[in-house]
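Heads up, the next two complexes both have chain A, just with different partners, chain B and then chain C.
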Partner chain A sequence: MSGTPSTVRTNNRLVKWIDTRLPIFSFMQDAAMDYPEPRNLNYWWNFGSLAGIMLVIMIVTGIFLAMQYTPHVDHAFNSVERLMRDVNYGWLLRYLHMNGASFFFIVVYIHIFRGYYYGSYKEPRELLWMLGVLILLLMMATAFFGYVLPWGQMSYWGATVITNLFTAIPVIGNPIHTWLLGGFAVDNPTLNRFFSLHYLLPFVIAGVVGLHLIALRQHGSNNPLGIAVKGPQDQIPFHPYYTIKDMFGLGVFLIIYAIFVFELPNALGDPQNYIQANPLQTPSEIVPEWYLLPFYAILRSIPDKLIGVLAMFAAIFILFLLPWLDTSRVRSSYFRPIHKWVFWLLVIDVVALGTVGAHRPEGAYIVVGRIATFYYFLHFIVLLPLIGWFERPLPLPESIAAAVTKKSGVPSASAQPGAAE
Partner chain B sequence: MADLAHGKPGAGAALSGGHGAASRRDFLTIAGNAIAAVGAACVAWPFIDSMNPSADVLAAGAPVDIDLSHVQPGQQIVVLWRSRPIFIVNRTPDLLKTLQDTKDISLLSDPDSDVLQQPGYAKNWNRSIQPQYLVLVGICTHLGCIPSFMPQANSVSPGWLGGYFCPCHGSRYDLSGRVYSGVPAPYNLPVPPYRFVSKTVIRIGENPPDGGDFSLDSIEQI
Partner chain C sequence: MMRLATIAALGAALMFSPAAFAQEEIEAPHQDWSFAGVFGTFDRGSLQRGFQVYNEVCSNCHSMKLLHYRDLGPDGPGGGIGFSDAEVAAIAAQKQVEDGPNDQGEMFRRPGKPQDAFVSPFPNEQAARAANGGAAPPDLSVIVKARGKGLEYLWGEGGPDYVYGILNGFTDAPKGFALPQGKMYNTYFPGHAISMPPPLADSTVKFQDGTKATLAQEAHDVATFLTWAAEPYMEDRKQTGAKAILFLLAMTGVLYGAKRKVWKDVH
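Showing the complex of A and B:
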C-alpha cells in the first residue's frame, strides 16, 4: 500500500480499507476521541454540545412536522390541529419541537453567560464569540418565523407587531414593511415566505455552527481558569473524559426536557395561540415567547418608536463588541473580584427585563423596565471598560495542572498522566 | 491496573481486553451499546410512524356506496375510494361473451385468477359477484398508471376484443382486468372488497357477509 496508511485504531479491515481512501474514521478519532481538552472544564462547558444536540433535534422534528403542515392561511391552523389529533405521534413531534425551541434558548443563553463569565470572547477567540452572536440572531429570526406558522392569534399579531418595527425606519420604512409582508398586512404571502425561511435558516445556523467549531478548534476551548494551555500536562483526551461528562449532562438535560414535553407541554406557550388568527381582533395582550422578552422590554421602555427599535437591536448587536468593551486582560471572572459580582448584576438585570416584558407596561413595570434598560447599556458601555482599568485581578496560577492538582490535594508529581516528562 | 490504561491520551477503552477472556469492561460496553440501540429504536419509531396514514386518512378510507342504476349498458364509471380510482363497468352479454373466447383466454397470463388479486368471491371467469357489474381498482400493476377503457373491438389492435390498454407502457387487460402475456404488467388488475347492499347499490370497501375478511393489504400487488 502506497501513501499514508490509516492511523485509525481498529482491527476491522473494512474500516482500515475505507479510512485509507476516505479518512472519515481517523477524522472522527481525531475530532471526537483524541482531541485534547483542558483538564479542568466544569459542567458549564456542557452547554455547547447540548446546543448542538438541540439544533439536531429541532431540524429532525421540524422536517417531520413539515410533512404534515400546510402553509396557507385557510389551512395552517387546522393542519396543526390535525397534526395534534390525527397524525400518529404528531402531538409528540410538535411538543418536542415547541418545547425544543424554549430549551434551545435556555441552553444557548447559559452557554452565552458561561462565555461571558469566563471571558471566552477574549483574544484570540473574538471571532468565535462573534459567530456565536450571529447564531443567536439567526435563532431569534428562526424562532419568530416558526411561531407564526401555527397561525394562531399570537402568531398573527406577533408577526404584525414585529414586522411593524421596520416602519420605524425613516422614509424607506413603509416600502420595506410592504416588501417583507408581500402585501399590506400579514396574510397568505407572508405565511408562505415565513415557512420557506423557517425551513431554510436552521441549515444556515448549522453552517455558522461549522464555522464556530472551526474557530473553536483553532485555539481550543477556554477553561474555568481562563489561562492558556501550556502543554500536555494541562490536557486530557476528549474521549472518554468529556464524552462521558457530556453524556451524563445530556441525560440530566433530557429528563428535564422530557418532563416539559410529556407533563407540561403548554407551560411555556401562550393559550391565545390555540385561537385561530383573526385579523379583525387584537388580543388584549401581545407578548412574544419568553426567550425574546428581555429585548421586548427594552423596546417598550423607550417612549420613542425609532429609538426603541434601535435600542432593541443595539442590545443584541452590542454583544458583537464585547471583546473590545471588556478591557481586562484576565479572562476568567474567578480572578476578577469586582467583575465576578457585576456579572450577577447583569444576570439579574436580564431576568428583570424578562419579567417586565411579560407584563403590561403599567406602574412599577415601566419604572423597573427603564432602570433595567438603562443599566443594560451602562453595564456594557461604561462599567465593563472602567472595571477592566481599575480592577486589580487576583494572581493567576502558573498552569492548569498546577492549579487543579493543588486544589484536589494530589501531589503534582504522582499519578497524573503526562506530568512526568 | 488495566483499568487505568486509558489514562494515556489516545488509548481508548475499546482496545482493552481485545484478546483473552471477556472483561467486565467488555460486558459493560456491550450492555451499554445494546441499551443505546434499543433507546434509539424507541426514539425512531414515533418519527417513522408519523409518516403512516393518519387517523383522518384512514377515516376517509371508509366504505362508499355507489348507485349502479345510472350506469348504462357498456358504460364505465370511475369513483374514488381511498384516493384510488375504482372502475365500475356495466358489461353487456356481448362483452361478457369475449371473456369466454378460448383463443383469447390462451393469450392471458393468469386466466383463472390464481394470483391473489381479488377476493375469493370474485375468483371466477368474470371476476365479479354479478357478472354484469365489473368492479376493479383502476391501477396498472406495472407502474401505477390508469389503464384506458377500450371496449370497442379492434380499437387497440386487430383482433382486440375489448378491454383495458395502459397508455404508459402498453400493458393490456381483458374486460375482467385479466392481464395478457407479453406485456410489462405482471398481474391482473385488483378487485377491491365490495358487496351488494341492494339490487342496484354496491358498497366498496366491505366484504359480503359470508365473503371472508379480504382486504387490499393482502393482495399480491396493487
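Showing the complex of A and C:
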C-alpha cells in the first residue's frame, strides 16, 4: 500500500488493516501509551484524569436522568422523586449525578490549586491554563442550571437570587433579566431553557477539554520541579507507569465517592431542596451549593450590589490573568521560599470565604467575609507580582533525572525503555 | 470500621456543607433507629404500626402524594413494608377515590385499588389551609429528607429525629412567650408556635400486633414509616453500597500492588 504503513504494535491483521486506513489505533498508541511524561509526577497529577472521568460520569448519568425527567414546574419535582422510587436503580442514577457534581468540583479545585502551586500556568502553558479557567466557568454555569432542575425550594430561590444579580447592571439590567428568564420571574419558561442549556453545556465543556488536551500535548506536562524536560532520561512512557498510577488513584477516589453516593447521599445537599418550589414562601436562608460559596461570600461582602456582582465575576476572571500577575521566573513553589507559604494563605482564605458564604451575613461573618475578600484580591493583584520581584528562589536542579536519582540514591543510568517517542 | 471511614470522609465535607451549620433552634434529641448505619434495615413491625398511625391519625390532615397503596405490598419499592397483596387490596378498598369522567361525562367515587395514589385529605392547598387555621399541613412523602440538621442530617437520621421530636415536643409555652391565638407551643418547631394540635397521645391508636401504644412508641413507629416512605430503597442502597465499597477496596489494593511493582525500577 502507498502512504505510511501502520506503526501499531500488534499481530492482529484486522487491526493493522483498519489502522492503515484510519489510524485510530496508532493515535491511541501515541496518545495513551507511548506518550512521554516527566518521570517525577506526584499524586497531585492524578486529578486531571479524574476530572475527565467525572465529566464522562456526569454526561452518562445525566443522559439517563433526562429520559425520566419532566421540565415543567408542575411535574419536575415529582418526576425526580418518581425516578428514584419507581425506576430500577433510579436512586443510584440520581445520587451519582447529584454527588457527582460535588466531586467533580472537588477534583477540579484540587487540579487548579495544583496548577497554581507548581506554576503550571507559566510560559509556554498560558493558553492551557486559560482554557482550564474557561472550563471552570462553564462548569459553574452547568451546575447552576442543573441545580434548578429538581425544582425544590433552593432550586427556585437560588435561581431567583442569582438571576436577580443581572438587574444590578444600569439601564439594560432589567431587560436582560427578563430576557434570560423568559418572563418577569423564574417560572416555566426559565425551567425549560435551563434544562436545554444544562443538556448542552457539558458537551461544550467536552469540546474545551479537547482543546485543553491539545494545548497540553504541545509542551507536555509540567512537573513538581517546574523545570523543563531536557531529554529522554527525564521521561517515562505514559503506559504502563501513569496508566497504573492513574488507575490506583481512581480506585481511591471511587471509594470516597461511593461512600457518599451509597451511605451519605444527601450529606452535601440542602434539606430544603426536598420541599417543592414555592414562589410564595421564601426560605429563611438561601445558600447555593457548597462549590459556589466562596464566590457568593465575595458577592455578599460588598455592600453595593453592582460592585458586589462585579467583584464576584472578577474573582474568577482574575485567574485568566494569573500567568502575567505572577512575575517570578521560577515555576514550582518548591523553590520559592516565600510563595510556598503565601500559597497556603490563599487556600485558607478560600476556605474562610466558603464558610462565610454558608452563613447569614451577620456579626463576625461580615468582618471575616470582608477581610477574606480583601485578601483574595490583594493576593493576586499586589502580593503575587511583588513576591515575584523580591523573592530569591532556591537554586534549581540541573535536570529532573539528576534531582530524582540524587534523592533516591539510584544511579541515573536506569534509562527507560521506550522513553523516546 | 465503615463508620470510621465515613467519619474521616466527613471531615472534609463538614467544612463546606451548609446543612452542618444550624441556626439557633433547638435540635431534637437523637434517637436509636433500626435503619441507622451501613447495615441498618427497617423493622417491618415498626413500619406496619407506623403506617397504622399515619393511616388512622395523620392522614386526616397530611397527604402523601408520592405513595401508592401497592408500594406497601411485596412488589413495592424496597419490597414494601411487609403487607401481602390481599392486605394491600383491603387497605386500598377502605378509601374512596375520585375517578372519571364516565360515559356520561361525570366524575364518580369508587373504592380504592392498589394502583391508586394515597388519597389526600383536602382537594387543594387552599382548603387545607382554611381547615387548619391558615397553615397548610405539608405533604409527608419526603418530609424526612426535608427536615433535620447537623451531623444527624448528614447521616440521614436528622429527619426522623425531627419528626419524633415534633410529635413529643408539645409543652406549655414558657412564661413570657406570646403564643398567637390558635397555635400550640412546640419545643422543636422553628419559632415554637405551630399550627398542628398535638396529634398523638398514649393510646391514640390500638396497635393490631398488640404492642403497647405509648406516645413514644407511636411517634417512633410513624417516624420509621415516614423514613421508609421518603427512601423506600434505603436498604438496597446501603447493602449495594457495602458491596460496592468492599469491591473497590479490594480492587484498589490490587492496583496499589501493581503500581508498586511497575514503578520499582523508576524509583
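The criterion applied here is as follows: the second predicted complex is superposed on the first by the 412 of 421 C-alpha atoms of A that agree within 3 Å, B and C clash if a C-alpha of one lies under 4 Å from a C-alpha of the other, contacts with A are read in each partner's own complex, and residues count from 1 in each chain.
Everything below uses one rule, namely that contacts are C-beta pairs under 8 Å (C-beta built on N, C-alpha and C of every residue); 3 or more make two chains touch, one makes a residue touch a chain.
Nothing here was measured: the structure is a model prediction, and the numbers come from that model.
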item	value
Touching partner for A:260 - first (chain B), second (chain C), both, neither	second
Partner chain(s) touched by A:68 [first = chain B, second = chain C, both, neither]	first
Contacts of A:60 with chain B and chain C, given as first, second, both or neither	first
Chain B versus chain C, judged by how many residues of chain A each one touches	C
Partner chain(s) touched by A:86 [first = chain B, second = chain C, both, neither]	both
Which of chain B and chain C A:9 touches, first, second, both or neither	first
Contacts of A:245 with chain B and chain C, given as first, second, both or neither	second
Which superposed partner A:236 touches (first chain B, second chain C, both, neither)	both
Shared chain A surface residues [contacts with chain B and with chain C]	82, 85-86, 92, 236, 240
Chain A partner contacts - residues on chain B that touch it in the complex	6-10, 12-15, 18, 46-47, 49-52, 54-57
Partner chain B, residues of chain A touching it in the complex	9, 11, 33-34, 36, 60, 64, 67-68, 82, 85-90, 92-93, 232, 235-237, 239-240, 417-418
Touch list for chain A against partner chain C, complex	39, 78, 81-82, 84-86, 91-92, 95, 236, 240-241, 244-245, 247-248, 251-252, 254-256, 258-272, 274-275, 284-285, 287, 290-291, 293, 351, 354-355, 358-359, 408, 410, 414, 416
Chain C residues within the chain A interface of the complex	2, 5-6, 9-10, 13, 15-19, 21, 23, 38, 65-66, 71, 77, 138, 141-142, 145-149, 153-156, 158-159, 190, 230-233, 237-238, 240-242, 244-245, 248-249, 251-252, 255-256, 258-259, 262-263, 265-267
